[in-house]
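Mind having a look at this structure? Questions to follow.
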Amino acid sequence: MSSTSETRVWRDEVLAIFKKEVLSEFRGKTGLSTGVVFSLSTIVTVALALFNKNPNKMDLQDVCASLVWIILLFASLLTLPRSFLVEEEQGTGDLLRLLARPHAVFWGKVIFNLIQMWLLCLLVAVLFIGLTGIVVTEPLVLAACLFSGGASLVGAVTLCGAIASRAANRAALAGAISIPLVLFPTQWGVSGLREAFGSVVATGGNTAAIGLTAYALLSLGIGPWIYAAVWKQ
Amino acid sequence: MVVAEGLGKRFGNRWIFRRLEMEVSAGQRLAILGPNGSGKSTLLKTLAGLLSPTEGKVRLPEGDARRTLGYSGLDMALYPYLSVAEHLEMSGALRSCAARTEELLNRVGLWMARDVPARQLSSGMRARLKLCLAIQPDPLVLLLDEPGASMDENGRNLIWEIAEEQVRRGCLIVATNDPLERRLATHELDLGN
Amino acid sequence: MKYVFAVLVSAAIIWSFLVPDAPMFQRPELARIFFWHFPCPMMLTAFMCLGAFFSLRYFVKITLPLEPETNPTERRLWDLRATAALELGFLYAILTMATGIVFSKAQWGALWQWDPRQTSFLIALLIYGAYFALRAAFSDPDQKAAYSAAYMLAATLPLIFLIFVFPRLPQVLAVSFHPTDTIMGGNLKGQYLYVTLTLLALVSVLSGWVYRLRVKAGLLEIDNELEDASGATGAIPVVRPVRVPAED
Amino acid sequence: MSSTSETRVWRDEVLAIFKKEVLSEFRGKTGLSTGVVFSLSTIVTVALALFNKNPNKMDLQDVCASLVWIILLFASLLTLPRSFLVEEEQGTGDLLRLLARPHAVFWGKVIFNLIQMWLLCLLVAVLFIGLTGIVVTEPLVLAACLFSGGASLVGAVTLCGAIASRAANRAALAGAISIPLVLFPTQWGVSGLREAFGSVVATGGNTAAIGLTAYALLSLGIGPWIYAAVWKQ
Amino acid sequence: MVVAEGLGKRFGNRWIFRRLEMEVSAGQRLAILGPNGSGKSTLLKTLAGLLSPTEGKVRLPEGDARRTLGYSGLDMALYPYLSVAEHLEMSGALRSCAARTEELLNRVGLWMARDVPARQLSSGMRARLKLCLAIQPDPLVLLLDEPGASMDENGRNLIWEIAEEQVRRGCLIVATNDPLERRLATHELDLGN
């Protein structure tokens, strides 16, 4: 097969998976809603916490930064692993293994998760800023961090979902094994957001964005190969 | 076409089957027999590559298993929210073979139900859809686990037809408990213990 | 042999108390904790890398071009080695943390103060923990092996990053009390260097020995499993024709 | 049947459901190890986000209060709804409807969720206080809030699970319903915890505790009847 | 004992069956027949109270349905992580009737597998366990949806025995596609359209 048609084949397969995910999601509405509920209620909680405080008082920016990141982290843990867990819960895993190639499956689901996650980031950012009224001094840094941060979360959490999907207590296990892996980008995410919120102790938002991007690329690069290795276990 | 060399599968500390030697060549129809729990489905899944053997190995014809191998099993679920037609289209795209939706669905009599989501299908309709998915790429090796279960008269005849065709193209392996279905085989493998 | 080893160890310990106090520390006499604090992370790292390699080896033969490892029995062996290495690594991780905590009590005055080094290492410990939680979650040995190996492969880079790179990032160096260039910067001199190296050598010998034992034990377990495995009648099912089909 | 034997019958049925839940959740040592890693990493995430700050600086108690609540919220949303949704996802709902009575099912699951949740609260509180070193000025209020707060979360989320369990788009519906239901107790929970952490803007921890208790009792009281209503739809 | 008055079930805007009048009295064995997708399972579920009828009503013998009614259907799943024995014990406790674990399991030949979790059961073993659950309280009304599917020879005989017994106690309604199974009925209801 010529390389061009080869790439077309891959594209079709990835698209097929992606389409499947979208259809199942919007007919059976499962994953996103949980994430949305969570972020909504969390943000209100936070707004309550910062209630009658002006969040630009020093070191509240830092706190806001960490809060936003925590919300994204947890929301991703609630939402992203499902795409793989569901396959085993509803017993379609075998069908998938018969029809598809691991890389296609992985990318199809990752693309779906990326879109989900970026939407979530947007939602959280808008709501948070709206409700707490915090001032964003560097919108670009914010955007960059949310973009790359979301991507890195997707990379790690999706893979962990795949790894946990065949275990007895999938849901909890997926969370348990992904948190430590997504913990250390936290440091970058938080510092990046601090910069964005114009905190005084901010330390290099661009380095943060770079770090996150690197992490995202790495995890998304390695992910499919690891998944392919356990594909038929 | 399908060769098992010293094949063995252990669950926990219990061997379901062991030192299994078999060769199914083109044109043969093998029926795997045995009482409930004797390992028919397990063997079929191992041949299909859905379970990894504890020892020994399985040889299948060269080529991409997605197209050379068709499998339909009882405990293989369908996507609850995808319609019948969407299943075939997805499968076609994933295996990069022609979807042949209309042809196949007319054949198994699901054309009227093409837009019904899988979770609303009746047991027999589900079995028919799985059969479609299995034969979609005209596979060389066709593995069917109790295809006749919960199929009506005409469904069973359908299976006979498909079996006839299949052996012109390659080989067929059926795991079954049904005394009638058993007859469509040219060879038998009894796992009864 | 064992006795010689024991004698060597005790000698090294005595020696470690004979060295002069290290003036640059808050509690110079307690700088000796370092002798025990340092080998642990080194062992941890060694076993972690071993474990990672074995996990990789579980999936692929190290040949060019890489080809998958298909032999089930081979795979079980590599899984066993990986587990043995990672279990020992986990032990040393905990020891590192323990000695580190004692050390920081002695030198920084608090058991725990979210020093970046402490945080990053805590995360490393968590990843390790997650690995074993994952192992516990599977009942089927093959799945257990495959998925935990996969997780280890995913976790290796983060682990190394957390233990070695992160504490040396410029913005972290700024806030962390934890030394990072004692060895690389060659700031470890004279007797201290010798004692450290000796202990390091002895500890590695010891752990190598323990590792071998662990693998032996594992092999025995596998054999027992195979022996008391029931159900196999030993009878070889064979394909028999029921009738010569008319069409062929 | 005499009332005593009647109650014994009920007790047996509730116990049977409870036992089933426990067995399905903690087959082998799985659940435990996962739970520990899980909660540990969650706390560390939070602690890490508050990285090198002394949490007793004014304002930070409030933030800690909301963080603790967020963690509980996250945990409850991840674990609790499953107990009802899983029945439909794995297709055992019919079996349950054939064998059991709705009230027994509801109480069996609620008791399981309550125990789960309270254990979680305990773990979270201990770890959070241990790791952030925040000072608890009023331990009693803390205990009361965690106890009643946990209960009300269980009440709310379980109720949603009950309502949504039969709908085709379960999760989404459950989510949509839970937002208001979960947000409601949040306000009390946070203010209660603030009081416990001795925040300056604290507003009556006991009222909070009372409110939460009332909420818990109400939701747990209504729950079974709503569930019984949708039981065989 | 089982009476359907003007029973009708509509899914979406399609009537599966309508104006169905039937009465099954003690000692009768009714077989519900019809091609795949004709509504056999739907009817059975409606009789069992798992689906609410769109019109008309179902009359069952007085008493608590948990004990007077036994139902076993193909698409009714078991608890993946509960063992065979645990299923029966749970059911016994919930229906406040004797569990009779050993007796029942010996009867259907699952006693050896009593500690196997349901997700590890073979299709036939699952069918047997569901049968156990259905007959556990000696119900007056026994509704079986394709009991024979994926059961081996001895399993099919078992069903015949159970059918014989059942009619001494009450009535039996079987939905089936299997020409052999069909024979165990004294009456037939054909939903074929």
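Here the chain labels run A, B, C, D and E in written order, and each chain numbers its own residues starting at 1.
As a convention for this text, a contact is a pair of C-beta atoms (placed from the backbone, for glycine too) under 8 Å apart; a residue touches a chain by one contact, two chains touch by 3 or more.
Because the structure is predicted, anything quoted here is derived from the model rather than measured.
Touching chain A and chain B together: C. When the interfaces A-C and C-D are ranked by C-beta pairs in contact, the top one is A-C.
Each chain gets a centre from the mean of its Cα atoms; for chain B and chain E, those two points are 28 Å apart. With centres taken as mean Cα positions, chain D sits 25 Å from chain A. One simple way to say how far apart two chains are is to compare their mean CA positions; for chain D and chain E this gives 38 Å.
Residue positions 123, 126, 129-130, 133, 137, 139, 142 of chain C are each in touch with at least two other chains. Those residues of chain A in touch with two or more other chains are numbered 27-28, 90, 167-169, 173, 176-177, 179-180, 183, 187, 233. For chain E, the set of residues touching two or more other chains reads 75, 81. Chain pairs that touch, as defined above: A-B, A-C, A-D, B-C, B-E, C-D, D-E. Per the touch definition, chain D reaches chain E in the complex via residues 9, 12-13, 15-17, 19-20, 23-24, 27, 90-92, 94-95, 97-101, 104, 232-233.
Only residues 156, 159-160, 163-164, 166-169, 173, 176-177, 179-181, 183-184, 187, 191, 203-204, 207, 218-219, 222-223, 226-227, 229-230, 233 of chain A touch chain C when the two sit together in their complex.
Chain D meets chain C in the complex at residues 28-30, 33-34, 36-37, 40-41, 44, 47-48, 51-52, 131. On chain B, the positions that touch chain A within their shared complex are 45, 48-50, 52, 66, 69, 71, 73, 75-82, 86, 89-91, 93-96, 117, 133.
By the touch rule above, chain B contacts chain C in their complex via residues 8, 10-24, 27, 29-31, 52-55, 57, 167, 185-191, 193.
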